Amino acid sequence: MVQDFKLASRDYKKEDTIIQVGDVEIGGNDFVMIAGPCAVESEAQLMTTAYEVKNSGANILRGGAYKPRTSPHSFQGLGEEGLILLAKTREEINIPIITEVMDTRDVKLVEKYADILQIGTRNMQNFSLLKEVGCTQKPVLLKRGMMATIYDFLLSAEYILNEGNENVILCERGIRTFESLTRNTLDLSAIPIIKKLSHLPIIVDPSHSTGRRDLVKPMTKAAIAAGAHGAMIEVHIERDKALCDGNQSLTPQDFLNLMQEIQPLIKFIKTQQSLQII
Amino acid sequence: MVQDFKLASRDYKKEDTIIQVGDVEIGGNDFVMIAGPCAVESEAQLMTTAYEVKNSGANILRGGAYKPRTSPHSFQGLGEEGLILLAKTREEINIPIITEVMDTRDVKLVEKYADILQIGTRNMQNFSLLKEVGCTQKPVLLKRGMMATIYDFLLSAEYILNEGNENVILCERGIRTFESLTRNTLDLSAIPIIKKLSHLPIIVDPSHSTGRRDLVKPMTKAAIAAGAHGAMIEVHIERDKALCDGNQSLTPQDFLNLMQEIQPLIKFIKTQQSLQII
Amino acid sequence: MVQDFKLASRDYKKEDTIIQVGDVEIGGNDFVMIAGPCAVESEAQLMTTAYEVKNSGANILRGGAYKPRTSPHSFQGLGEEGLILLAKTREEINIPIITEVMDTRDVKLVEKYADILQIGTRNMQNFSLLKEVGCTQKPVLLKRGMMATIYDFLLSAEYILNEGNENVILCERGIRTFESLTRNTLDLSAIPIIKKLSHLPIIVDPSHSTGRRDLVKPMTKAAIAAGAHGAMIEVHIERDKALCDGNQSLTPQDFLNLMQEIQPLIKFIKTQQSLQII
Amino acid sequence: MVQDFKLASRDYKKEDTIIQVGDVEIGGNDFVMIAGPCAVESEAQLMTTAYEVKNSGANILRGGAYKPRTSPHSFQGLGEEGLILLAKTREEINIPIITEVMDTRDVKLVEKYADILQIGTRNMQNFSLLKEVGCTQKPVLLKRGMMATIYDFLLSAEYILNEGNENVILCERGIRTFESLTRNTLDLSAIPIIKKLSHLPIIVDPSHSTGRRDLVKPMTKAAIAAGAHGAMIEVHIERDKALCDGNQSLTPQDFLNLMQEIQPLIKFIKTQQSLQII
C-alpha cells in the first residue's frame, strides 16, 4: 500500500485548512453543524426546516435536489426546481446551503446555486465528477465511499485538489460491514487518522452511517470527543411522510434537544484543546 | 430488504436474455471469452494482443481508453485516441471490442466506437451514467461494485433497463473483505443466485477480483462449473511494462494455455447441461 | 503480515499430504465426499441417512454430537449418546465417521469413537483445543474461522501439527461479508492459494457457507473445478423437522442427484489433471 | 434474525446491572479504567506497571498469564506462574486483577487467583468455556468476537447468564473490516445499541481494536462521550521489549497523560448525565 496522495497530505501543508462559508469556518476551532432534509420536497418543507434548524444553532442547510437512489423506481429528487428552492431559502433565512451533484453535466448549474457542492458516497470514485468539481470555485464536501479505505478516500480528495480547488471537506459516513443493526459502521478512528495524515477538515454523518435516529445523539457526541470538525444531520418536519430516509431523520424538536445537549460538550472540548498541545 | 427490481427479474421475463455481439451470443450456451489489456497503450500493443488472443480463441477484445485510477497521478488512459486504436484493431483483426465509459458526456463518443460499453465497479452506482448508457443502442457490461450486494447490483441493472436498453451483461468481479492475499474476494455464489433471480447473462472477472495471475486459471474453471456465461481476462504482451495492473495480467502464451485447458471443460459442462434440466 | 507457519508450509514439505481414513484417501487424486446430518438426532435418523448417503457414493458420514449453537436455548446435541450412535452406525453401515469436538475435556472421549475429529469455525482459534487434538492419533478436520484470513487459518493448522499430529484436513466454509443473500461468502480462491502455500488437503463446505440448499450443487461443482480435495454436505431425511440447519440440508434424493451429476465432472477433472503439470 | 436472548435483555431486567469488584462499581456512574500489560512477563514488570497505573488512577490491573496467540511459535504466556505474580501484585499494590482464561480445564485455577475472568475475542463463541465460567462466582469480562454481530455477542453473554452467573461485563474491541490502517474497526455505535438492548455494562478496548497507540486517547474520549462504562488500555513499561503487542501499548507516562486529560471529560459527562433523562 503506497501513499500516493501529495496535495492532501500534512507533508505538503502543515497547518490545518480552514474553509470559509459565509460566516462559518470549517476546519478551525468551531464544530460546524449542517442540518436539513435528505431531499428537497417542497418550499414549505424546506423553509420551515431551515427556519427551525437555524434557530436551534445549525450553521448550514443541507437538502438534496438530485438524489442517488439505489432503485430507479424511488423518488429521484426535484432537480433544478429543488436548487431554486434551496437558493430562495438561503435568501429568506440567511443560511448557506449544501447540495449534492451527481453528473458532470450538472456541475456548472449546481455551482451557480450552492455554497458547498456535495459528492455522495456512491460517487466517491467517480473520477470524472471529482475532476469537474475540482475546477469550480466552490468548496466540495466529499463523502467517504462505503467501501473505501482511508487511503482511497484521501486519493479521491487528491483528484479535486489536483484541479486547483483547495477547499475540500472530508465526511466519514460509515463503511460496509457484516453488522446489520446499523446500516453501516461509523468508523470514528478515521477522524484522528485523517487529522494526522491530512490538513483537510473532517466531519461525520451520524444519520446516514447508522440509519437510526436513536444513534444520532451518542454518535455526534463521540465524534466531537474524537476531534471532528463538524457533523451533518438529517432533520425532517414530518418524518413519517419523508420521501426518503425517514427512519434516520430527527424532528426539529429532536434537533433542538441535540443542539442543547452538545453545545456544552463542544465548549468543554474546545476549552480543553486550547489548554494543551494535542 | 425489499426486492425492488422488476425489469431485471425472472418474474418479468422467464427466458434467458441472449445478447448478440457480432457472431457471439452472450447468455446462451457458449462460454464467451473477453480478453485484452487493462489499458490501451499503443497501436502495436493492441494489435499484437488482439491477434494473439483471437488466435487462442477469445471472442471479444477488451481495452481501456478511459481508466478509473485510484490516484490522479496514475496513467489515466489515452482517451479518444485509445478509442480510435480500438476501432482500428477491430477492423484489422475482425473482433468486437468492449471499452469503459466513465463520464455521461463521453457516452455518445464511446458508443460510436465500441461494440459493448463497460461500466466499471466504482461507477456501479453512478446513476446518471447508468441512465445515459440506458439510452444507447449498444449492449452494456455492468461490473458489480466491490461494496454492492446482489440486490444493489440488480437494481443498478434496472436503471439501464428502465431507459429502454435491454442488453445488460452482469459481471461479478469480487467484493471487498478482510482477506488480503487477494485484492478482492470473488463471490462465485453470485452466479447461481443471479441466474435464479434474473434473466440477464452473468460473467466473471478473475483477473481484477483476485489481482493475481496464478489464480486466473482455477477461478475461471470454477466459474465455468458454477454456470457463468463467460469471463473477462487481462492479457498483456509485456506485463512488466504494463501501465496498469501488470501483476494480474497473463501473457499471450499463458492465455493460450488457459484456453487449451478450459475448452474441454466448457465442452464437458455444455454436454452435461444439455442432458438435464438444471 | 509475516508468514509464521513452518510445518504447514510447502517449503517444509514439498509433496501433498495424503490422509488415509479407512479405504479413503484425502488429499490424493480422489474427490472425497463427506455427508450426513448437522446433528445426530436418533438412531433411526442416523442409520437411514448413513445407508442412503453411502449408497449414493459418500465416503464418510458426518453428524454432530456436540453442537456449537449461537444461542444457549437451541438444541445442544446428544453428547456421548450421539457418539455411541455414530459408532454403532459405522459398524452397521461400514462407513468412517467424523464428528465435532468443542471442549478440551472431551477430546479423549471423542477420539475413542470418531475416525476424524472436527474443529468448528467458532473454535478455529481456540488454541487450547487445537493443542489437545494435536496430541491425538486421529486426523483432524479444521474449519476456517468465518473471520479468519488464510494466514490465520494456516497458523491454526500449525498449532495442531506442532503437537505432532500430521494429519490435518483444511475446510473452507465461507467468510463473513456484507452480502446477505448467503449466510457467508464461500471463498473458493482459498483453494488454489492454500494448495500453493501448504501441503495439507483442502475441502469445502457448500452447505454451511451458503446456508442455502439450492446453492450446494453449483458450489460443489465450482469447488471440484477449482481443485478441492473434497466436500462436506448436509443431508437430512426430513429436513423440515431438522433440529438444526434444515434450510441448507439436502434430502437423500437430492444428494443422489448431486452425486450422479458431479461424478462425471470429477472423472473429467481427474483425467485432465493427469494429462498435465498444473 | 430472531432475538433469542432473554436473560441479557432489558425486557428481562429493566435496571442497569452494576458489578462490584473491590471498591469499584462497573456499570454505574463511574467510568472504570482497566490498565496493564498484554502479558505478564516478570514480577518487576508487573509490580512497576501496577504501581504506576494505580497512581495514575486506574481501577483494575490487566495482565495475561495465558495468551491466545495466532501462531504457536509466539510467546504463549507464563501460565500459573503468571497467575501467582498477578495475585502477589494485587496484595502489594492493592488493586483488583483481571486475566484471561482460555481452557475449560483452567477455569477453577484462574478463578482462584483472579477478580475478573476474561474471555478473549477468539473464544467468544467457545460455548463450553462460556458455560464453565458461567458456573463460577467471579465476574466475567466477555470480549466481542471480531466477526460477531451484536446479537451474536449478546447470545454469548446469555450462555454465561444461563448458568447462573449474573455478572457479565461486555467489551467492544473492534470488528474485522477491509480498512487496514487500523487492526480492526472499533464499532462505537455498539455502545448505545447495547445499552438499549441489554442491562449489562459495556466497556471498550481502544488498544486492541485500533492496534495503534496514537489512537488510544481519541478513541477513549469518543467512548466516554458515547456512554461507555469503562475502557481497557494496554500499558507497558518498556514497550520496545514487550513480548506481545508493543505497538499499541502506552508507556506509564502516556497513561498518566491520558488519565489527566480524560478525567475532566468524565466528570463533565457525568454531570451532564445527572441533569437529564437520556
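As written, the chain order gives the labels A, B, C and D, with residue 1 at the start of each chain.
Definition applied: a residue touches a chain if its C-beta (ideal position, glycine included) is under 8 Å from a C-beta of that chain, and two chains touch if they have at least 3 such contacts.
Computed from a predicted model, the values in this text were never measured in an experiment.
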item: Label of the chain whose CA centroid is most distant from the centroid of chain D; value: B
item: Of B-C and A-C, pair with higher C-beta contact tally; value: B-C
item: Mean-CA-position distance for chain C and chain A (Å); value: 48
item: Distance between the centres, which are taken as Cα means, of chain C and chain B, whole angstrom; value: 34
item: Residue list for chain B, restricted to those that touch at least two other chains; value: 147, 176-178, 180
item: Graph class of chain-chain contacts, one of line, ring, star, complete, other; value: complete
item: In the complex with chain B, residue positions of chain A that touch it; value: 4-6, 68-74, 102-106, 122-123, 125-129, 131, 145-147, 152, 155, 158-159, 162, 176
item: Touching residues on chain C, where the partner in the complex is chain A; value: 176-178, 180
item: Of all residues in chain D, those that touch chain A in their complex; value: 1, 147, 149-151, 175, 177-182, 185-189, 191-193, 196, 209-210, 214-215, 218-219, 221-227, 261, 264-265, 268-269, 272, 276
